[in-house]
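Two complexes, one shared chain (subunit A), two partners (subunit B, subunit C).
Here is the complex of A and B:
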């Protein structure tokens, strides 16, 4: 049912065009109004090989609403194949064709024999948000393009993480996850970012297993691949940030993949040694400052809310105030995610609220006793309210206005250090 | 065409003033055909994504301080809320004021498209009103709510007794018009309908309404206008509802961009007798002087304005003549909204740069009062001609043109366009700030910016050398009008 979406932090399902955009040389073809792509794109970091204003679009008009837009969709796909050089074309439908009943799937099926694959994902805005849209795109690839493979590549692991572009650090995070997995002697396979693309998509069925690093996004895709392609999956719900969680993560992956325990431990201790060398040098900054208190709040999608909470509690010894998950997590995942917030060191449990109404979040932040300056990691919306409380604010979740990220990341050992750097870069700008 | 403020719906530019988005030919042909009424636009059987009129409409309205926008639709429509929040915070801070404008969505889902959601909308309106006590409320539709026939007008009427501030329905179905500038008209219409009051009796003022985007030249314009005993009221960024309620009392309305200001200017003139300053715009010397003189004529201040012009000319013209030497013979392609394309073309010609192709994102055959836009008339009267096309930001057409003409520079006013020119190896100048070519000082700066852009092409060359363009060779061999077809 329609609701008050105050300080909104996600897009609609058609935002999945950004998931397509994140696949090298994959092109979304939009069967939508003329301005959807512009609205759903980011202001920066969108001018790669394909930018939103390159996306072919049927630009539905009043006449198409009345008479249907399938003819225009057909000519748009036909000419997109001629005009734009891509490896994979994915037709995404917006609200209008789905309400007026265009049979877009039928039109797309006419291109089954085209030189390049043309797929179709129904992503009407009213069907859900861009997290759901992201899953629709991966599903479309699995259902319409991939086939079960008898040939398996020993040690090949498909890695899946959160939603590109919605997650400012998507590129850096997935590269760092690849790097960590390689260190275990496994072969990572991902489909997002530089030089991954269609060749890596083709390798998906040959993987030994799927690794999903996300509280809930993509779980449906994993199940689908298990059924259709016979690929088992490991679901690791916490984005591992910092030493404690990353070491746990490596142990879990190592065990699932059957990697020699000593090898796993060797990788871990090498990382932890350097990590604590750095932390040791800067421990004075953590202990001896006047502006960062113990209590913090994260306002983000499930992945960062959970990942950052675990990191700040288990690595840095901070104490969670209330945490907020703003991605409209489907109800059936919520209890399990809330349980994860209870698995913190020293029996600490974080209170978490699944809340899409930013006004309510701000009211709670304003009334909570942080025992001093609050530390708030959130979307740009939290900047002003945190400043009004004389607190420290870091922009980690959408909307991002305070930070430019090319390929920086928060995942892993190095990612934890980056996050500390960012938090204390904010803190040192005040009297310390 | 008379403006009807009794209905919340505004006719689209296509229907109201015969605007088009598809044409390839020459400037002269375009103007001649529109003068004699034979111009027919084309549609395309292949297009790339462009812009939604709701971005223009609600983007304008959310610049007003302390108002609430309720965008009734799926989350993708109201995603502009994030950008609006940022803009409103930084723009008010820049001006040294505060704004608590809120922009919310209704996150419509599938059930709502079947059973309707007007009851939820009613609750949302009341909740927003109680939370924020805004000075005015705008309730907008979207494609989805438009198609399923949600009656936002009735909901607005229903809640009116419970709300003691102006509240109005804003019809923003994105499929209505391919011309996003229709959104500017929609925002003006909403302001006129709900906020602007008839002039108070006996109020005398020296205020002049100044419709612009982001008021970057506000301080200097205030200074200039002081000399003429005029006080500009900038719209809508950082406007207050109180200010807007008195727009009808001003002695004139002017604007930085004809596409932006045309509807409001004509409506205030038609309904309240506030004269609308009609001239070419303030870009370049010719434009700036013509505009000032027109203001002088309309407000009875010609003498002071002539003094100012003479004084400024003495300061700036020698410098402009000097920098012009470096620009002689350079060639340019430009792509902008029609409120700028034909103005900037004039300025480039003034500076000695040859326009080889001008793209306008749409073209208004006539303005609200029935005249051909002044910028077009100027070019025709001065016998200036070049190849021209009308394309709603169709990037593939721009790239085809740049590839064929290899100009010395590409100028654009819209995000996401200049980067492609650069990847093509063409230096690009992003004319984003509407005051970038305003008056003597900024015309001089603009000329110098071009010199700088042409001088150091390192970035363009570095990137172009390493960029593969996404268009096929096949496309580059086609004529730019390949996908245009007659409107059926």
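Here is the complex of A and C:
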């Protein structure tokens, strides 16, 4: 029986074109209907080089459904290579060609000898959402492009985090992670954002290890790279926000990478000193506003739901109400992620619900007793319901209508301070 | 439900005619079986006159007017040809121009501009219609 899904927070797997877009000078070639890219592109900043409006697309129609669209795909790739100057071309398929059985992989394989790499990622909508699509794109790069390297660069670490553009703070977050990692004396390598691109992709096989900072997105990619490229990985499931988690994170990375313990502690204490200096200066603000929000709810994808919950409990001492994870996390990851919500300071455990239906989430928020005004951190969908409860609302997850972010971030010590700033900016407005 | 498919072919074996070149459409009727039910000849005349009316009332030359473009009806022979096979569900030719495609679209007639054997075209199109008419998936 078909059912309605209200206010879902993800797009179809073809939304992975944003993952490709996040790689500098990489171009998605779409084998899909003409409306797909239009619907999937967002105005949250283009790549700085290509606009989604010029993504080559086969614009398949009824004829291609009946007779197959491979010819059109072939000519679209051929001409994209001629006309558009990119470093990497990734063919993404929509639902239609996958349903009618176009062998897109075969067409793409004809371009093995092309001057620039042409890869293929199956991203039909029925295969999953854009989180899954993101993994497909990374998989395509690993499977079809990268080769095992005997040469290793000591201390080189590939950093992987959540899905670009889906995560409003993706650029700032990954830059801040790079910064933290380099402070430990390691060399960070990422493929997304400004001046990264193909050169950094080429460096992937030479890394000492992969670092995945995400509850589940990308875990499959890490396993694939371990098998194919022989790169071990460290999976750190919690997005480190604020001092407590970031210090844990740095210790975990330091230990895995074999960094001298004293060095790690020195980095940590320098950051923590400044962090707590700032917190100390504003202690009055926290105490005065403590009466506003006793309990909070996060409605976000797994990384922010987990990361922010840990931060608000461990660093700010708030009490978690029910938390919601809206990214349709695959079932086999769920228990492990729910476990993480039980590892909070002071013996506190948070209840978490994997729920994609916005209506049900809102009903639960409305009926929960927050012992005062709720603090809700979520997508723009939660704004209205929070206002109806006279609560404080902050837009941290998709959809983002309430916030413009260029390269701001929530990760790390500084990120924690940024999040506190944002939350209390909302809180103090109540008194104006 | 039975329906008709119009095909532009000179020999009945290969779809080898462009829409503009067709003088005689092969009309296949699809019911339980697929049969060639008639050959429908296109006789230029009436349609052009209709579309040319607006032109001839002014002083312009009908021919240049009815050439490319020709207003919302498209060039005269396009409108006439589209009308000729407007009882069909689909039209198959080697090439079909933009104007004609739009005219067919308005009448909800599917356009397939392909170069292949007539049999192949009929097999694929009837398979497709059978699946969607019965609300079946196109997979597999």
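The definition used in the following text is that the second predicted complex is superposed on the first by the 424 of 432 C-alpha atoms of A that agree within 3 Å, B and C clash if a C-alpha of one lies under 4 Å from a C-alpha of the other, contacts with A are read in each partner's own complex, and residues count from 1 in each chain.
Here is the rule we use: contacts are C-beta pairs under 8 Å (C-beta built on N, C-alpha and C of every residue); 3 or more make two chains touch, one makes a residue touch a chain.
Just so it is clear, the structure is predicted and the values come from calculations on it, not from any experiment.
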Which of subunit B and subunit C A:49 touches, first, second, both or neither: first
Which superposed partner A:100 touches (first subunit B, second subunit C, both, neither): both
When both partners are placed on the shared chain, which of subunit B and subunit C touches more of subunit A: B
Partner chain in contact with A:287 - subunit B first, subunit C second, else both or neither: neither
Subunit B versus subunit C as contact partner of A:30, first or second or both or neither: first
First, second, both or neither for A:62, with subunit B first and subunit C second: both
Overlap of the subunit B and subunit C footprints on subunit A, listed as residue numbers: 62, 65, 99-100
Residue ranges of subunit A touching subunit B (in the complex, touch as defined): 1-15, 27, 30, 32-40, 43, 46-47, 49-62, 64-65, 72, 75-76, 78-80, 82-86, 94-96, 99-100, 124-130, 328, 356, 359, 379-381, 384, 398-399, 401
Subunit B residues touching subunit A - in the complex, by the definition given at the top: 45-55, 72-83, 85-86, 89, 102, 104-113, 117, 120-121, 123-124, 127-128, 131, 142-144, 147-148, 174-178, 180, 392-393, 395-396, 415-417, 419-420, 468, 470-472, 474-475, 483
Subunit C - residues contacting subunit A, complex: 110-114, 116, 121, 124-125, 128, 137-140
Footprint of subunit C on subunit A - complex, ascending: 62-63, 65-67, 99-101
